[in-house]
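For reference, the structure I am asking about is given below.
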Amino acid sequence: MSRIGQAISEIQTLESVSREDRWMNRIHPLSKLCLTVFYIVLTVSFSKYDLAGLFSMILYPAIAFMTADLSVRDAFRRLRAVLALVAVMGIANPFFDRTAILSFGAFTVTGGIVSMISLFMKAVFTVFAAYLLIATTPMDDICYALRLLFVPRILVTLLLLVYRYLTMLMKEAGRVTDAYLLRAPGQKGIHFRAWGPLAGQMLLRSADFAGVLYESMLLRGFTGEFRPTFRHSLKASDLLWPLGWASVLILLKLFPLVSVLGRLVTGNWN
Amino acid sequence: MHMADALVSPAVAGVMAAASATAAVVSVYKVSQEDNRKKIPLMGVMGAFVFAAQMINFTIPGTGSSGHLCGGMMLSALLGPWAGFLSMIAVLLIQCLFFADGGLLALGCNIWNMAFYGCFLGSLLIWRPIMKNGASRLKILIASVVGCVVTLQLGAFSVVLETLVSGITELPFGVFAAAMQPIHLAIGLVEGLITAAVLIFVYEARPELLWGIDTQKENRMPIGATFGVLGGAAAVIGGGLSLLASSLPDGLEWAIGRVAGVEELESAGTGAYAAAESVQESLSFLPDYAFKGSESVLGTTVSGIVGALLVLALLICVAFIIRAFRKKQQASTEE
Amino acid sequence: MNDLMIESRDLRFAYEKGTDVLTDVSFSLAEGEKVGLIGRNGAGKSTLLKLLVGLELPNTGTLRIRGIPVERKTLSEIRRMIGYVFQDSDSQLFMTTVEEDVAFAPRNYGFSEEEVEKRVTDALEKVRIPHLRKKSVYKLSGGEKKLASLATILSMTPDIILLDEPTVTLDPGNRSNLIRLLNGLDCSLFIASHDLDFIWDTCSRVLILSEGRIVCEGPSEEILRNGDLLRKNGLELPLSLIQRDRCK
């Protein structure tokens, strides 16, 4: 599938998953948004050598994924977007930080290897946490939560508009490139002579469309902003879910679950 | 150039989010002062257009590779700096939520690196001065290329600074910058040419769609004031970042400190956070990054691995419980 | 009380000076009446619709909606009485879900949330798509989009609905469904289209617009059977009439 086709299908999958009527999807968007940000802050604040502590942070995404019944495969696929930069920096670490920490015979574990692993773990955990939010919360609910956080109306209106017309314009971009490539066999992209006209025509059509869109909004009483609403009433789980997790996560940060469990079993308390 | 959450420390993310939020608040104020309701659907659709057009592959002549449109320059040339900046924020937030392009926590950094330079520097200091006495094809070409190159260089340099200050990478500053800047010089040139091609087309077909090329004189910010605003912002950011840099144990300092046998620098943070940190460090895997003889390190490692396995086992149990629970629920709804 | 819904006298309009798009357009629309506006591409149909809702203001002539003149200061009053279904449903449906979109106008007009809820339910039931309520707009098919657009207008409970080329993107099934729905509405309809079969099935009276002038006006029965008149204006007899004649 082309890059555009893939992006469209990703948005559409997320859109349907997030609108399913499930327990996690019904939780108040503000709770989920706050919990997500809290989790990400806590996760990235672990020291780069604290693998054990960082590992315990797997509890939230793992259990929440099961609760929400989401596809781990889809979440892993999203990693490719951030992988390039993370990989460059992570892989550089073993070369620049060669302090030996541990050796098994010929194999030596260096500080750089540990910090590389912790960087990858952080990348996976944070991407998974963000996926949990967006896969259980439709865009209008996120916008509603943003309004509750005093994000200006105009910005929320823009978010809704960009989101609404993104798929439409991506489909158009796909059609335009397909039509171009069907008449340009052997080319992989748009030849430089067509750069301006191809994207420019599309831009002019979009600008005209925006004009008609404005008229259609005006005729239905548009006053300069949208008003996102959330039609569920507040439930106990709206508070219990984020607060429960927040306390577990704080405990995990204070109390190194992984090493204590390990020491209990191996009896090694030095 | 999108930064993931894993690449920033909370403190750096916080400083950059505050900086971007300040620019956003000023932009919201400026746009609402324009009081042009017609502009809002245009901002939304143009944001979506730039997002979609960035997915089109433009072939670079003479090479096998392809380039894309530059969002920040494009949007500010169409909408002006303030409205363009707000549209870019919407685009970046949607990229981060739906495509995991950049992280939620790193959003402030990404807005700064990609939207701030492109929209404000690119349009106020490059685009507008060049278009001062009327536009032409050549002027648009120059403004787009210079704008894209300069803003991408600044963006890439900010990525380097933000990651280094966050203490994420062991890459020395020089190596990192030497890798990032030339790559982004090439990308900037290509993006500039593509953006110029599109803007020249628009200029010839519908010049009134472009910002800052004719009747913008009345609400023009004097160049001195523009420099003042940008200089002030730079000072705030620079100051904030250097304070952070000095208080955080970043990779290099940590290495130097250890080699010299100096006590480890105190980790940033106060109160509960610092207490939590110290409790944890005293207990966890590789405490204080010190080595009390390889045997004990081996022991801790073994117990760390065993602990991790136990956590995994626990997760598998939870998975079974949840599955059983769901089956039961399904059975009861089917009845 | 004026029972004329639309009253237009000698309307003249030009986008650029000297090239009139509409010239001396006079017509009226009574309460509950369903009127078709036909003519070739570029005859000025869409422009006339825009004038009726005040998206453009006439250069000369008078235009009254339920007796209120269409002027800059009466626009908000006018627009509450008159709904406009755009040709391109994507410009009509700009919110994320059908429900949000249908609720857009009532919410802007300041109705309480309960009233908004009620209006959304009513409108969706009128066009028989209550099952699409929670669906995202861009997952709708072309036919569903058209019905949803109509619902976004019905939730304002307008007295008059203008439709611009409503059948362009519809398949035959959706088209006859739309005909049934429109015939079931009790407000006035003003439909611009060159789908003459559709006009035949929905409208009792027809106006022919040619080069900005209304060249002919009369009952559908009369005008839509006049092959010569239609051909002269770039149109053709409705297919259903041709077939009926053949059967005879």
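Brief remarks follow.
Every chain is named by a letter (A, B and C) in the order it is written, and numbering of its residues begins at 1.
Here, contacts are C-beta pairs under 8 Å (C-beta built on N, C-alpha and C of every residue); 3 or more make two chains touch, one makes a residue touch a chain.
Predicted model, so just to flag it, every value in this text is computed and none were measured.
Core chain by CA centroid proximity to the global CA centroid: A. Look at the CA centroids: the one farthest from the centroid of subunit A belongs to C. The interface with the greater count of contacting C-beta pairs, when A-C is set against A-B, is A-B.
Averaged C-alpha coordinates give centres for subunit B and subunit C that are 47 Å from one another. With each centre defined as the average position of its C-alpha atoms, the distance from subunit A to subunit C rounds to 43 Å.
Measuring from the averaged C-alpha position of subunit A to that of subunit B gives a distance of 14 Å.
Shared interface positions of subunit C, i.e. residues touching 2 or more other chains, are given as 94.
Under the contact definition stated at the top, the residues of subunit A that touch 2 or more other chains are 139, 160-161, 163-165, 168, 209, 213, 217-218, 222-223. Taken residue by residue, subunit B touches two or more other chains at 41, whereas all remaining positions touch fewer.
Across the complex, subunit A is touched by residues 50, 53, 55, 76, 79-80, 83-84, 86, 88, 90-92, 94-97, 100, 103-105, 107-109, 113, 134, 136-139, 152-153, 156 of subunit C.
Across the complex, subunit A meets subunit B through its residues 3-4, 7, 10-11, 14, 36-37, 40-41, 43-45, 47-53, 55-56, 58-59, 62-63, 66-67, 69, 78-79, 81-82, 85-86, 88-90, 92-93, 95-97, 99, 101-103, 111-112, 114-115, 119-120, 122-123, 126-127, 130-131, 133-134, 139, 142, 152, 154-155, 157-166, 168-170, 172-173, 176-177, 187-192, 195-204, 206-207, 209-211, 213-214, 217-218, 222-225, 250, 253-263, 265-266, 268, 270. Against subunit A, in their complex, subunit B makes its touches with residues 1-10, 13, 24-25, 28, 31-32, 37-38, 40-49, 51-53, 55-61, 64, 66, 69, 78, 86-87, 89-91, 93-94, 96-105, 159, 163, 167-172, 175, 179, 193-194, 197-198, 200-202, 205-206, 209, 251, 255, 258, 267, 273, 276, 279-281, 283-286, 289, 291-292, 294, 296-308, 310-311, 315, 318-319, 322-323, 326. Contact residues on subunit A toward subunit C in their complex (touch as defined above): 12, 15-16, 19, 138-140, 160-161, 163-165, 167-168, 209, 212-213, 215-223, 226-229.
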